[in-house]
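Both complexes below contain chain A, partnered by chain B and then by chain C.
On to the complex of A and B.
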C-alpha cells in the first residue's frame, strides 16, 4: 500500500463520516417528527406513517439506495450519487429513530405530563421543557446503536457509485493484489469512528446518571 | 352525555348573551364553584351531581371510603379529568368549557385550558416532580414559562418558598437525592409559586413513609392558617379534624354529608359516615 493509497482511504473515510453525520443529523429530527405525529394518533396519517416506516425499515439499505438513485428520477427527482446517498441513509435512520422515539414517548411517565398540564404548560412548551430533555437522555443508548448501524451501513451506497471506505479498500486491494493491508486499514478506520461514538455515549450517560440519578439503558 | 348550560350563579363569568363578562373582581366570589359534576367511565357513574363551593381562605377536606370518587372529583376541578357534565368556575372564571358562538358550551382549546389552569395548583400523591430539574428549577418552571415572570424574580421567590418549607439548603438538589417528605415539600413550593387562588391536594401523604407524614402535614397546616384556600383529599383523619374548616364526605360518587369537623367527627348524622368513622376509630 502506497502513501497515495493511504490518502485515498482517508478521503474515503471522510466520505463515510460525512454521509453518516449528514444522515444522522437529518434523520434524528425527521424521526422525532414522525414519532410525534404518530403519538398524536391522527386518523389516516397515523396508518400512512406506520406503513411507510415499516417499509423503509424492512428494505435493505442497498435496495433503498437503488430506489432513490434509479426510481426517484422517474418521479422527477434526479440526484447525484452523494445527495442520493444522504437521502438513502436519512430515510433509513429516520425510520429507526422514529421507533426509538416512539418507545421513549410511550414510556414517558404520565404523572410528569399531567403535572405539566396542571401547571398550565401548553403542549409545545411541555414538550420542549419537560419531555425533550428527558426523552433524548433516555433514548441515548438505542440512538447511538442506531448511529453505529448507519455508519456500518454506508458501504451499501457504493452501488450508486459513492466511494467510501470499503469501496476504496476493495479498489486498492484489487490494484495491488494485496487485499489484507487496505481491509485492515478499513477496519481500523471503522473501529475508530465507532469508538468515538460509543465513548461519547458513555461520557454523556455517566454525566446524566451522576446528575439526575436516572439510569439510562 | 349531557352538556350543561353554563348559567350558574355564584360569581358566574357569563352574561346572558353568552359573552364573557369582565373578570369577576368581587372578593367574595368563591375560589371554586362546582355545579352538578357527573363523571362516568363507560357505563359506570363514579360522580353523581356533586356541588361544591369553597370560599376564599377556606380549607375543605374531602373524606370518603376507597373508590368513593374523591380523586376523580378533585381532578375534575382542574379539568385533568373531564366531567361528563357539570360546570366548574375558578375564582368566578370557567374552566374546561366556554360558551360557543351559538351560546352553547364548547370545549376550551389547549391555550384557554392552560390559561384557566394557572389559577389552580395541584399537589400530587406521587409528587410528580420533573426529575431533570433541580428543586428550585421545579419551583420556577411554570412561573417563568407559563406566567412569563422574569427569571431572576422567580428564582428569588422560589428560594423564599423553599425556605418556607424548610428546604433552603436543598434548592440545587435534584429530586432523586431528596426523601419523599422533602419531595412533597418541594412540590408544595412549586404549587405556591403560581400564587394560586386555589390549592388542590390529592392524598399528599399517602405515598410517604410514616415518619415523613408529619413534616408535610405541618407545612399544610401552616398554609391553611395563613389563609391559603385549599381542598385536601386525605385519609389523615386527625389532620382533617384539626385543620379543615369544613368536611365533605363522599360515598358512592355523592356528597353524603358535609359539615364542620366537629359536627362530622363527633355526631355524624348519616349511617354511612358513622360506619366510615368507626373503621378509623379502631
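On to the complex of A and C.
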C-alpha cells in the first residue's frame, strides 16, 4: 500500500462521512414527522405508515439500495449512484428514527401535556417548547446508536457503484494483489469515525446530566 | 404481470437463495449463542485484565462494519493458511460479529438480574456451574429474549451483504435475476418480501419467549 493509496482511502472516507451525514440529517426530521403522524392516530394513514416502516426496517440496506437504484428509474426517477445512496440511507434511518421517536413520544409524561394545554399553549407551541427539548434528550442514546448503524451500513451502497471506504479498499486490494492491508486500514478508519460519534454522545450526555440533573443512558 | 412470470420462472433460484439465507442465519445462531453465553460468563467472572481485554475485543467487533469484517475474513484467512469458501467465510463472519453483540446483550442482562435469585442459589449450596446452568442463564435467556430477537433481525439483514463476497443468498439471486431478465422490480420486491417473512418468523419466535416469560413470572 503506497501513500497514494492512503490518500485514496481518505478521500473515500469523506464520501462515507458525507453519505452518512446526509442520510442522518434527512432521516431525522422525516423520522420525527412519521412518528408525529403516527401519534396523531389518523385512520388508514397510521396503518400505512406502520406497514411501510415495518417493511423498510426488515429490508437489508443492500437490497434497498438495489431497489432504489434499479426500480425507481422505472417510475421515471433516474438517480445517479450518490443520490440513490443518500435516498437509501435516508429511507432506512428514517424508519428506525421513527420507531425511536415513537417510543419517546409514547413514554412522554401525560401530566406535562395536560399542564401545557391548561396554560393555553397551542399544540405547535406545546410541541416546540415542552415536548421536543425533552424528547431529543431522552432519545439521544438510541439515536446515536442508530447513527453508528448508518455509518456501518454505508458499505452496502457500494453495490450500486459508490466508491466509499470499503469499495476503495477493495479496489486497492485488487490492484496490489494484497487485499488485507487496505481492509485493515479501512477498519481503522471506520473505528475512528464511529468512536468520534460515541465520544460525542458521551460528551452530550455529560452536559445534559450537568444541566438537567438526570443522566440519560 | 410479466415481472411475476419472470420471478416464477426463476423460483428454484429464489428458493435456493432463501434456503441459503435461512441456513446461514440458523447455523450462525446455533454457533454464536452458546459462544456468546460462554464469553459473557467469562466477562463477568474473569480477572480484571482479562475482562478489560475481552471488552476491547467485543467493542472492536461492534465498531467494524459487517461487510468489512467479511472481507477481512474472506481475504485474511488464506494468509494464515486457512482457505475457506465464500459461504463458510460468510458464516465465520456472521458468528464472530453477532457473537460480539450477543455477548454484550447477555452480559448486560446478567448484570441486571435480581441479586436475590443468585444469592438464594448460593445459599442452597449450588456450585458455580449449577448456578449458571439452573438460575442465571435461564433467567437471562428470558430477559434478553426481545433484544436477541432484534439482533436476529439485524443478522438476517446482514446476510444480504455476503452477496458481495459471492455467497449465493437471496439478494445475490435477486440481482442475478435482474441482470438476466432486465426486469428489476419483481425480483427485488420478491427478495424484500422474503426478507420480511424471515423477520416476521424471528419476531414470532421472540413473541413465544415473551409469552413463556409471562407464563412463568406474570
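Structural remarks
Throughout what follows, the second predicted complex is superposed on the first by the 217 of 217 C-alpha atoms of A that agree within 3 Å, B and C clash if a C-alpha of one lies under 4 Å from a C-alpha of the other, contacts with A are read in each partner's own complex, and residues count from 1 in each chain.
To be clear about the criterion, a residue touches a chain if its C-beta (ideal position, glycine included) is under 8 Å from a C-beta of that chain, and two chains touch if they have at least 3 such contacts.
Please read these numbers as outputs of a predicted model, since none were measured by experiment.
Contacts of A:147 after superposition on the shared chain: neither chain B nor chain C is touched.
Contacts of A:156 after superposition on the shared chain: chain C is touched, whereas chain B is not.
When both complexes are overlaid on chain A, the residue A:91 reaches neither chain B nor chain C. In the superposed model, A:173 lies in contact with chain C only, and not with chain B.
In the superposed pair of complexes, A:105 makes contact with neither chain B nor chain C.
In the superposition on chain A, contact of A:185 is made with neither chain B nor chain C.
When the two complexes are superposed, the chain touching more residues of chain A, out of chain B and chain C, is C.
Residue contacts after overlaying the shared chain place A:67 against chain C, while chain B stays out of touching range. Within chain A, no residue touches chain B in one complex and chain C in the other. The touching residues of chain C, when paired with chain A in their complex, are 60, 63-68, 71-72, 75-76, 79, 153, 156-161, 163-164, 170-171, 174-175, 178, 184-185, 188-189, 191-192, 195-196, 198-200. Within the complex formed with chain B, the chain A residues making contact are 111-112, 114-123, 125, 129-130, 133-134, 137, 211-214.
Residues 54-55, 57-64, 66-67, 70-71, 74, 148, 151-156, 158-159, 165-166, 169-170, 173, 179-180, 183-184, 186-187, 190-191, 194-195 of chain A are the ones touching chain C in the complex.
Note for the complex: chain B touches chain A at residues 78, 80, 110-111, 114-115, 117-118, 120-122, 124, 126, 128-132, 141-142, 145-147, 174-177, 190, 194.
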